[in-house]
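Mind looking over this structure? Questions follow.
The first chain written gets the first letter, and so on, giving A, B, C and D; residue counts start at 1 in each chain.
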Amino acid sequence: MPLLILRRLGSAVLTIVLASLLVFLAIQALPGDVVQQILGRDATPEAVAQMRSELGLDTPVFLRYIQWLFGALQGDFGTSLVSGEPVGPNLLLHFRNTLLIAIPTVIISVTLSIVLGVIAGLRRGKLADHSISLISLLAMSIPEFMVAALLVLAFAVGIPLFPAVVLDGPQASLAQLLPSIWLPVIVLSLAMAAYIIRMTRTSTIDVMTSEFITTAELKGLRRARVVMRHALPTALLPTLNVVAINIAWMLGGVVVVENIFNYPGMGNLMLEAVFNRDLPVIEAVAVVSAAIYVACNLLADLAAMALDPRQRLRQRTRRGTGVGAGTTASPAISTDERSQP
Amino acid sequence: GVSNGVAEIPLAAARGAAAPGRRMRIARPAASAAETLDPASSLSAYEYLGAIYNRLVKLDEQGTTIPDLASEWSSTPDGKTWTFKLRRGVLFHDGRALTASDVIYTLGHILDPKTGSPQAGVLAPILEPSGVTASDSHTVVFTLTSPNAEFPSLLTAYQCYIIPAGSAAAIGRTGIGTGPFKLSSYTPAGRGSVEAFAGHFAGPPALDGIDFYSVQDTSARVNALLAGQIDLISQTNLDFATARVVASSPVATVARAKDAQWYTIPMLATSKEFSDPRVRQAMKLAYNPEDIVATALQGNGSPGWDNPVPPGYADALDHTRPYDPEKAKALLKKAGVEGLQMPIYTSSYDSVFTPLAVAYAEAVKQAGIQLTVTSASSDSYYTEIWMKKPLSVSYWFTGRPVDQLLNQVFRSGSSYNESAWSNKAFDRLLVDARREMNDERRRGIYQDAQRLIIEDGADMTPMFGDRLVGLSRKVVNYSEFGFEFDYLKIGLS
Amino acid sequence: MKSTLRGAGPAFIIGIVLILGNVLLALLAPWISPYDPVASDSAAALQGPSGTHWLGTDMYGRDILSRTLNGGRYALQVTFLATTIAVAIGALLGCLVAYLGGWFDDVVMRVVDAILSVPTILALLVVVSVLGSGMWVIVLAVVVVYTPAVIRVVRGAARSVKSLDYVTAARARGERAGPIVLREILPNVSDVVLVEYAMRASWVVLLISTLSFLGFGANPPAPDWGLMVAENRTALTVVPWATLGPVAALASFVIGLHLTSDGLGKRLGVDRAMTGVK
Amino acid sequence: MSIDTPLAGGLEPVAAIGDAVTVEQLSISYRAGRELVPVATEVSFTIAEGQTFGLVGESGSGKSTVARTLLAQLRAGSQVTGGQVRVAGQDVFGLDPARLRALRGGTVALVAQNAGQSLTPSMRVGTQIHEAMTSHGLRASRADVLRALDQVRLPNVKDLARRYPHELSGGQQQRVGIAMAIAARPSVLVLDEPTTALDVVTQAAVLRLIKDLSRELQTATLIVSHDLGVVSGMADHVAVMRAGRILESRPTAELFTAPGHEYTRQLLSDVPTLGARSRTASVAPAAGAGQEPEPPADTRNRGSDVLLSCENVSISYHASGPPAVDSVDLEIRRGETLAIVGESGSGKSTLAWSLAGLAAPSSGTMRVHGDSVTGTGGDLARPVARRSRELRQMVQLIFQNADTSLNPRRTIAAAIRRPLRLFGTVARAEERRRVEELLTEVGLPASFGKRLPAQLSGGQRQRVGIARALAAAPELIIADEITTALDVSVQADILELLSGLQESHGLSTLFISHDLAVVADVADRVMVMKNGRVVEIGDVADVFSGPNHPYTASLLDAVLEPGVLELPQSPAEEQTWIDDNPGGWFEPSPGHLIRKWKGTGNR
């Protein structure tokens, strides 16, 4: 098993490096010269040449990537083209702020949606199921920016319970940010919960019809025990992936919500960097997001191993001969990866 | 048509007694992360400047030059030598007293090419650093290289705020001036605060302090106001619908600054499309400013008729021109660009940009001109689009003296010449006007210059808009002219 | 189609109706909208719903109903194109990768993972800010960011089909990869592909309106759902219809897609598992 | 500890006088749209304490449905439309939830068909058994759990209790299932095809165990199976079901000797049997001195009509570890049927697939010899992609699972047409006619061409599979467990069809099966495999009459034949022998070769 984790870790690192290379190349392909952009229209050719070599732009792309990679490995993401300050610390600050909304969001949405999803799955076709399904359907269908706008209207402007926007910059202390996080947390939780609820519901239904649940029931166990001990670990397996993907999505791309609430997080930093063509910042944000994505998936895999001992075996590609081979087309396989918004 | 039940937009902010001990919170759009408190710089953070600095002279709401740090000034009859007497007992925030050397230093800083000050373009042609001298500790003498009857008005620009001698390197962060407020904290594109400066020569301001916040998104700024998180939104001209929302809010209201926004449509004269004056002429003839005021401003403003000098100004040329799409068509045909097609750039930088672009594009259709309204990001609009794309929309605050307005925005080579228009005759007129010490004749020359802009200029002025400013109902004595409020009087009830 | 409809339940029918309704309205919008969606009329600004303007007008006096009707055209067009291309490429590649396996699978999946790991919005924003916000650019951008996800899903499904005996039988006959993928594997993951199509489309349409909302999509004064929300949201209390109209349209379309995909998913297996009948 | 030690814990004896189970006029239907479709109709039977009742019948006849009513379980959508089920005096469908829980697991326990899927994958085996005890009020310690595991004769119980279900073999899983069922000492045991998923040797052992346990616990047992041999060995009384009705219900001996119902007779005649065979005792390990080891292929070479010959073939999936197929030599003559038998995982399919070109052998030669007329032939060691069209055409595979071997999205005609087109067997214009011809040949109406596989029954699908193989006009057919998934009567039809076709087309067949009786029926020669190696090969008659390799012997011992009322005594589940190094063969009769072995002294 440690070997398995090691292999996953290896491929995770490879994925991040590949992602950083892709983004690096894509950014290089941007039309327009960075130097011209910085120096403006009246730049003399000498000044341009000098700045190019200052920025190391006269070295070949691949070499530059290698240099960047080495820097990045040591935590040096270069300096912002706009502010001239190192990217790393600023990114860290924004990342911290995003975490401040991400962590409560994950805690709230994951617990809530698993509970609701399981309830809906267990009470399939009943009122509880219908209302939970309907609400999650709505939550998935109404764009976040609308939800955010309505919430602001209701709970910041109408009844001034929460601040409408974050006035403090990225350096604000956590205590300063704390009152502002709740509306973003609600918006993000709604968006996230919807998918998790649906996935949990589906897999709960799936698992509840499986033979081992029937067996557990026919053993005369209490319903609660059947659900909690027998069904849940397996039912949560497909949910894990959805949770992971949603967490990654949230950390990497809360752009809209952060934009609306003027929240000084990574999403806002990213938007700003794209607006300003601040290439080192874009690259750094991309790499951090890729790392988060990969880490979330890795964690989901580890959690799956914890939940389900079968996952600890390396999956052997058994040639399909016997009766068992035909039964692999479970809907869970196809749905788990489907839930990336 | 105004639908029932929604509050009308008020004409002005409340007057009244400010309560003592209050701090005001102002939201401003985040400028570039490279912004600075150096007033001479092109990237200065406007809102702070008026609070922390003073100029020698300033403009009042009627456009006349009035004293600020200078108590009186005079010139020789040829208009070449100007003497300014400084107010006594003026203190900088660090406790030093203001002397003539500070003024000399400040002008040297502005004129220093390394500073890259936009005002250098206005002052350099007539003033050399060595031309600023002190006859005593509180008298400054300007010796101009050419006569300039309007010279004092050129010192009303916000780049001319006086900084302490020797402070150039640090001023961008320290913000030490003589203003009613003293800087206590500052982050570029972030938040910052100023505190009442007890040592201010005109007595302390009504407020104890001001906190500035940068909020990127316009709606976010409005929401912050409606939620009571801030007291005033600066540099934000509310769109009509939003203004109504704000006006009907129990906590916030709207104040109107008449004709405070000067909207322009620069046609880049160096671009292949607009290097031909016939095309520029056609673009002007093809639309009716009155229609634009009606649709883009909902009537909250006055038509500009492509004359950049606001209608209320004494020097303004009284002019309307025909709206003639047929003639425009003919001109385009002559220029070989019949059925001109191109993008017109806009952004959400100002709430009227897009309505203006849309209304304009709609209007010129008649003349066979096909404009696609293209929205660019508001953050990089003034670095990526403005003065780079052939056709875009832009705006200025009104409140400049005529001489500066024409020199800054229209003279060849000025760094604010947004249309890159260059006209020798026009430039000469400006020089002539400065030489002319007779007010009446000078006005005539300025009006000739306006005529040239209308006929040949590359910058269209479809309209002047009222600026709708969102502020808290608690704000009293708000008045705004040009770039700045009256920081002394503004207060909270 | 008939057999697809049967057993999918009434929600599925509602879903189909919502989708078709939106598509139909978008197609017919130029003919059925009462006003020119971009023509402003200062005299009629900010009116509430009335007989002349059913959904009222916005601050420029534009008819909200007309704008809402036309507002889906761009989004639906992009959604249709982008989803179709992404799902088509993804389905083919997914099947091929699953079938061939080996190093080809490894290489493709690494790249797929790498693309997936870059935040969708970031990738889109970069592409759009580089190439402009033309329709085809957005289509391209969406295809680039969503094809990998489709590849993953389809590959997962295709891998289980791949090991089935009829594929083996084809291999034993000596069929080439092309026919095997097209004749044997693809038709049997079509359920998954169909569900995926509906799910993807729902995200694409939301994504596009988000882009418009952020100022990267449709350009003013074009009528567009996302843009309309962005334009009118601060004035939500004065002109709620200007925001709620487009949101309702958008949401109904997305709900339609979800219901349809659910219905298809049900037919795909969940319900069969429920009755315990194989 | 001894297996005779009774389970600890205060179990109150269930008051059961007379019949522990009474099913009266039970009718069950499920709702399909508006209609009620009957699944069981007026089913009645009783089971007395200590008695075993068998329920046989074809797939879908309603056996499981009836059996599970003893636990008051109905499938979603089903309902009882008449009659009642009484267990230990209680009407099970009238119980309140608490009593129902007490009934389930406490009074009645179920052993399901597929233990692998019936055990909760995320829970340790010991925990699952423990909870079966405690949920019915038994105080259970760890030792009790271990004792329960020991009782079902699982080895190494301490370690085993800590394992997860997937870490056990199929036979072990089934034993855990049994241990779990009897943990709370139920008075009624329901066994729903408890051994169908197991290989014969394990099956025999598990059945033995169940029988011993139910005798020991004096339970009333209901055993459901489609396998007449199983029921005959286990039950005291048997009922035959068809289409939801009990056709006849009689004491076991009576039913098998004098079946009353026509359907029963048919059923019995369809079951292939080993028939009367008189086996000589296994040869002694060292026997056969003098007949020195020679490559078996040489000794078996009986002329030029050899179609296929394999020499020293090894096939590995992994670089390390033992190969899946290890140094196999074999030959198939024209028109001959060679059967391969052996336990699951012994490499039968691997060999077959390799012949079909789907897995390249790591060493050895495999050749197919052209007929004397056309002279085509070739190297079968090549993967299919590198084989000539003629070669691909010559060897055709038929799959075990007709469900999965037909593309559900293509019509029957399209499935059969594909090889016609690919191999150019007939002209395009002729294809249609040829497809119809082939359908008729395998006994299907030509109109079936338009159908999709889902619209066919299992047997019909398997016929299509055969037609598709025939379409290529092959010389060798490889049939990999083609009847395993089918009911006996359908199996009989298919086997008959296959041998008919083989005769008329002059085909050779490699027939893979785990069912010795079937092999005895269809094959000319039989090859026994174990762990990838051939342990015995010879003419059917020779192999079935002995002497045998001990592994073959254990296979033969484990066969359950209908009408044999006893289970084989203590079947050897563990291997009692190892290959004799350096090995070699010994040949009790010409062409009958047995791999030399040594006893290990186990048992």
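Note that a residue touches a chain if its C-beta (ideal position, glycine included) is under 8 Å from a C-beta of that chain, and two chains touch if they have at least 3 such contacts.
Note that the structure is predicted; figures quoted are calculated from it, not measured.
Chemist: Higher C-beta contact count, A-C or A-D?
Modeler: More C-beta contacts join the chains of A-C.
Chemist: Give, as an integer number of Å, the spacing between the C-alpha centres of subunit C and subunit A.
Modeler: 21
Chemist: Could you work out how far the Cα centre of subunit A sits from that of subunit D, in whole Å?
Modeler: Whole-Å distance between the two chain centres: 48.
Chemist: On a C-alpha centroid basis, what's the spacing between subunit B and subunit C, in Å?
Modeler: About 46 Å separates the centre of subunit B from that of subunit C.
Chemist: Could you state the distance in Å from the CA-based centre of subunit B to that of subunit D?
Modeler: Centre-to-centre distance between subunit B and subunit D: 90 Å.
Chemist: Can you pull out the residues of subunit D that are in contact with at least two other chains?
Modeler: 353, 400-401, 404
Chemist: Got the subunit C residues that touch at least 2 other chains?
Modeler: 129, 164-165, 168, 233, 236-237, 274, 276
Chemist: Which subunit A residues reach two or more other chains?
Modeler: 149, 259, 275, 277, 319-320, 325-326
Chemist: All pairs of touching chains, please: list them by chain label.
Modeler: A-B, A-C, A-D, B-C, C-D
Chemist: Write out the stretch or stretches of subunit C touching subunit D in their complex.
Modeler: Going by the criterion above, the answer is residues 164-166, 168-175, 183-184, 187-188, 190, 274-276.
Chemist: Report the residues of subunit B in contact with subunit A in the complex, numbered from low to high.
Modeler: Within the complex, subunit B contacts subunit A at residues 25, 27, 32-34, 187-191, 213-217, 219-221, 223-224, 226-230, 249, 377, 379-380.
Chemist: Residue numbers of subunit A touching subunit B in their complex, please.
Modeler: That would be residues 80, 82-84, 149, 152, 156-157, 160, 163-165, 167-171, 259-262, 268, 272, 275-277 of subunit A.
Chemist: Applying the document's contact rule, which stretches of subunit D touch subunit C when the two form their complex?
Modeler: Per the stated touch rule, the residues are 75-77, 353, 356-358, 384-385, 387, 389, 392, 396-397, 399-401, 404-410, 418-419, 422-423, 468, 472.
Chemist: Would you pull the subunit C residues touching subunit A in the complex into a rising list?
Modeler: 110-111, 113-122, 125-127, 129-130, 149, 152-153, 156-157, 160-161, 163-165, 168, 192, 195-196, 199, 202-203, 206, 209-210, 213-214, 226, 229-230, 233, 236-237, 243, 247, 250-252, 254-255, 258-259, 265, 268-270, 273-274, 276
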